[in-house]
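Just below sit the structures, each encoded as structure tokens.
Consider the two complexes below, in which chain A is the common component and chain B and chain C are the respective partners.
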Partner chain A sequence: MADQNLISEAMRTTPTLLAEWKILTPMLAPLVLAAVSLMLRQKDRWQFHIAVTAALIAMIGSGLLLFDIIIDGPQSLVMSGWLAPFGIAFTADSLSAIFAFVASLVTLLIILYSPADVDKAATKSGYYTLIMMLLVGVNGSFMTGDIFNLYVWFEVMLISSFGLLILGGDKIQLDGAVKYAFLNLLGTTFFLIATGLLYGVTGTLNFADLFAKVAASEATGTLAILSVLFLFAFGIKAAAFPMYFWLPAAYHTPRVAVSAIFAGLLTKIGVYALIRIFTIVFPDGNGAAFELFGVIGGLTIIVGGLGVIAQTELRRMLAYLLMSGVGIMMIGISIHTQLSLMATVQYTVHSMLMMTGLYLLSGVIGRMAGSFEIAKIGGIVMQNHFVAIAYFGLALAAMGLPPFSGLWPKYMMIMAAFEQGYYWLIAAILTGSLLTIIGVGRASIQMIWRGGGVDTPDGQYEARGKRLEGKQLRIMMLPISIIFILTLWLGISPNTLIRQSDLAAYDLLNVEQYIEATFGTGEHE
Partner chain B sequence: MEFYLTILVGLIFAASTYMMQSRSVIRLVLGVALLGNAVNLLIFTVGRVTRDIPPIIPADFHGTLTGIANPLPQALILTAIVIGFALFAFVLVLTYRAYESLGTDNSDEMRIAEPKKTQASKLTY
Partner chain C sequence: MNTIILRTIAPALTALMIIFSLFVLLRGHNEPGGGFIGGLIAASAMALYGISSGVQAVRRALYFHPVTMGGFGVLMAACSGIPSYINNVPFLSGIWWKVPLGDGEYFDLSTPMIFDIGVWFVVVGAITAIMLTLEEAD
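Take a look at the complex of A and B:
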């Protein structure tokens, strides 16, 4: 029966179990519900509930997947039963599941915030549908085991983000969107170029297959160029220096909930792709890439820190704060040890939560003060104590000070750099932190403590902003409070996250399990 | 054949890079569209151009076919064309709307989202 053998080599012969579909829930649930919400787009009251359900299912699905992965190792599923490397594989290791879980959680919180920020017209134009599609793209990128499929998920994410960015169509939004659209389009096109050439060199697109093929390939020069091309493409996505210009040009233009989801998720996809590509496809960096990561990361931290000091607009300041964090994640990839990758994973999770919280809070502060110009905001502590406390907590988390979640990943990153003797990276991290403390601290003094705008004399209170209604404020503060509690919890008791990120870093440095999961689908029956 | 295609891809890349240097947004759009097509041609070329039979298995044939053309690059290009077309349509509408409401197609003059000069106060920290 030669035919039968041939078929069983290319296709799985056992039926797919329902439990194996778990890996698809984080994108399937939002995808189906996004389609439903599009059909019901005239029923604007239903949209919010559909979106909450989608994010909740995605969160629970990725949470359950994470438990499975902790017990059984990476999980995989191939499309239409074509085995890897012929079929498109979805392979999730602990890194994918952690990121998908936090991304779904962040999306859920932003959806909860949205009723205060999104009007009826925007809801009818598909705000919630686009948010769900963004989550589809993000979770799909985390789960996929195929590099071309990763490109497709990037585009799903990109096109939804375009829609969200221009929703409403103000002048300022169109201006920001032009820069965002062109530079991001360039980034994904370079990703496609690199993917095409990688296929030309290795003849495969599957991550697990690429691991062996790239290691065996003799075209080391071409592969070194390709690794730099990938670094460039994902560097644009991650907003690393010097490819970051689209981020501060665009992130302050859309409504606050949209800025928050961009800040929480989009740059992290770039970082995730860098981590994935440079652990499984180019595990030894191929040439100068790892040193390059360090240089780019260090400069990103410093430039981001300087940007935090220089900016006079609250949301632009946060954009540079976000960028400075990306530098720390890139340094973790550069050092490339168990400890540093663990710190990267941990910092990414921390940054997803903290940046979302800060952007959402900037919406509250902007609403209270009637302006996003730091010089015009004042007297927040007199208007509302909770808002002031939340800002302080999240600002401390951003600076990396205890008792919030920013401390531990930064501490571990410095430890990792110390062990490997990268002293200038330590200097970059610490300088960046100092710049952040100065910038964010200065903004806090002005916005929280001073009585009013810049020229208000000391000791006087003359806030001009309008009081927020109780219900509006409650809607806005609920997700922020959840993020506040989470960052505080991760700061006081970091063990849960440390254990997970340790596992993720172990999976990244020991890819055998990932490869086994991708190729072994259906064989264990 | 591959050699000539490579040269052609290089030329299109050069043309699109030149277009993207322009300040005029419409040239930028054309440059990006050209870049997308260059990439499609590139993927086609790296899939190896051969004079083989189409990858269609005869009805009663069992076994491995040899000497068939590689079907994967075509599938990749098809996906990339569809995605590229959608993004191109979006960018075209976006630039038109931006031109309408900002009143300029010069990217140097698109500065509404950039910070304005603010007056420093003597009390600023």
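Take a look at the complex of A and C:
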């Protein structure tokens, strides 16, 4: 009898409901379909359809999960019948589900764009398989309830991204990939070291379990060092100042669809990990970490903004734009109130959509002008009005100007900083915005309005580059239009996203529900 | 490495190593062994065969492309969690079927075994693919 009691303490005895499987779909569907696509890699026409199906199922699955979470609170499933903290837990709160939903949507849009950008050879080398595995890693990172598995999902994602980065094998790609791989492996190593030390201090790696164990631990000095180690490790992933060098070095080298998926998803994983670790494992920042966040965030915004002004290559400019956005998200974690975390979540969603859109659009513009050098691009508005309008809209979203989605999170972040009296953070955000407006605006004037390259006199139009075929342009513009409409909608009617991010911020600051969900898995009525 | 001794002995040795790798794979559930180590043994068998008889011979002998084998392995491992769904237990729970062999003897078939065979395929596929590519580059 005693044995029976022991088993029911460590193992689950209630049946699993169909609804509980929802948390697995965002990983399981792309994983299974990636395996299928790997087996069918010679049939290059099927690859696209398999990938679309995978992203669609992942998107629907995480959407349904989000509805469940809104109604019932965080959801959890522990693998193979063990109970937390012994088993491998997947726990999703509103933050995980929102991010997974948007990540799957962004992946779907990029897959829709891919036929215009990816040739047959790349398809046969496994482009779509790698994209699906990247989605598996990204969604796994969002859903996992345990810090070691976060590391594992990071690795899944990194290995797929290495593959995507060198697909094609140009010299410049290998150069970018070396920097990317080295700095990311450095970050991952620090992550692993910190995780090992954390296990040494607390004896557990489950997020829900860590919350109580870290709070009760007396090794405050060690934990403070650990929190900074985690900050450093994820700071590299998120491309925060001073660990950002790999991002502008690598993001302009692969094909455009790959740059877009990297810009949309990879840095956001670093931000997500920071949010998660610094709300449940180190909720009070353990010493200096939160101040450090503010300093790093502020500097990231300003250095990113200066980078936007300094760059002459379109995709490198966008890389700095992306980095400047990461700074705003870091500031939100630093201020650490309901309002600031809500703004962070909202800004992350906005940035995922907007950066993907801008990178995809840079592909169209680069194709039209035959170059990515801003000085050589010109007269886009004369060549195609739609491309010009889309660029104009997404650029406004990036600057944080109305009526697009960038305005609200920036406004709320400034409000949050104002409430807590962090005036210099407000100054950093505003200076960064100003630098972004100058940089992106100047590039827009050159690329959209001027008739040709920099030397073209005003009022003259020289047709450069080539006209795109109607079909190809339609394939490329479809996902961009969807992103354009979404950012416009989120700017004009931000309530939907504000409500969701508010819920996510509430879940982050009140982790009891998350802990209950992890430990109470299987205790349904 | 084109000696006649190696070329004569390699096919027999390869066959022997593959049988041994299957033995290690199936032994793995309760004793040391399993899909990963079994897969490595099978991959080294392929390597030996490749060194003695050339890459083309290995590709012919495998019939399927090694990457396809790897994909099949991932699929198998992922799908080994699906029977849990029918049995109302969480993903990847171990489920056992007792297959009667007559005379009151049973053969234990289980989802962990399916998972392990999947791992075997992944390891064989991935390592062989890498090895064949390196060998071909020479």
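One rule holds in what follows: the second predicted complex is superposed on the first by the 523 of 525 C-alpha atoms of A that agree within 3 Å, B and C clash if a C-alpha of one lies under 4 Å from a C-alpha of the other, contacts with A are read in each partner's own complex, and residues count from 1 in each chain.
In this text, a residue touches a chain if its C-beta (ideal position, glycine included) is under 8 Å from a C-beta of that chain, and two chains touch if they have at least 3 such contacts.
Please read all numbers here as calculations on a predicted model, not as lab measurements.
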{"item": "Partner chain(s) touched by A:200 [first = chain B, second = chain C, both, neither]", "value": "first"}
{"item": "Chain B versus chain C as contact partner of A:365, first or second or both or neither", "value": "neither"}
{"item": "Partner chain(s) touched by A:31 [first = chain B, second = chain C, both, neither]", "value": "second"}
{"item": "First, second, both or neither for A:271, with chain B first and chain C second", "value": "neither"}
{"item": "Which superposed partner A:176 touches (first chain B, second chain C, both, neither)", "value": "first"}
{"item": "First (chain B), second (chain C), both or neither touched by A:341", "value": "neither"}
{"item": "Contacts of A:414 with chain B and chain C, given as first, second, both or neither", "value": "neither"}
{"item": "Touched partner set for A:303, first chain B, second chain C, both or neither", "value": "neither"}
{"item": "Contact breadth on chain A, by residue count: chain C or chain B", "value": "B"}
{"item": "Chain C-facing residues of chain A, complex", "value": "12, 15-17, 20-21, 24, 28, 31-32, 34-39, 41, 77-81, 126, 129, 522"}
{"item": "Residue ranges of chain A in contact with chain B within the complex", "value": "2-3, 6, 148, 152, 155, 158-159, 162, 166, 169, 171-172, 174-179, 181-182, 185-186, 189, 192-193, 196-197, 199-200, 249-250, 252-253, 311-313, 316, 373, 375, 442, 445-446, 454-457"}
{"item": "Chain A contact footprint on chain C (complex, rising order)", "value": "67-68, 70-75, 78-79, 81, 84-85, 88-94"}
{"item": "Touching residues on chain B, where the partner in the complex is chain A", "value": "20, 25, 28, 32, 35-36, 39, 42-43, 45-47, 62-64, 72-73, 76, 79-80, 83, 86-87, 90-91, 94-95, 97-98, 101-102, 107, 110-115, 118, 121, 123-125"}
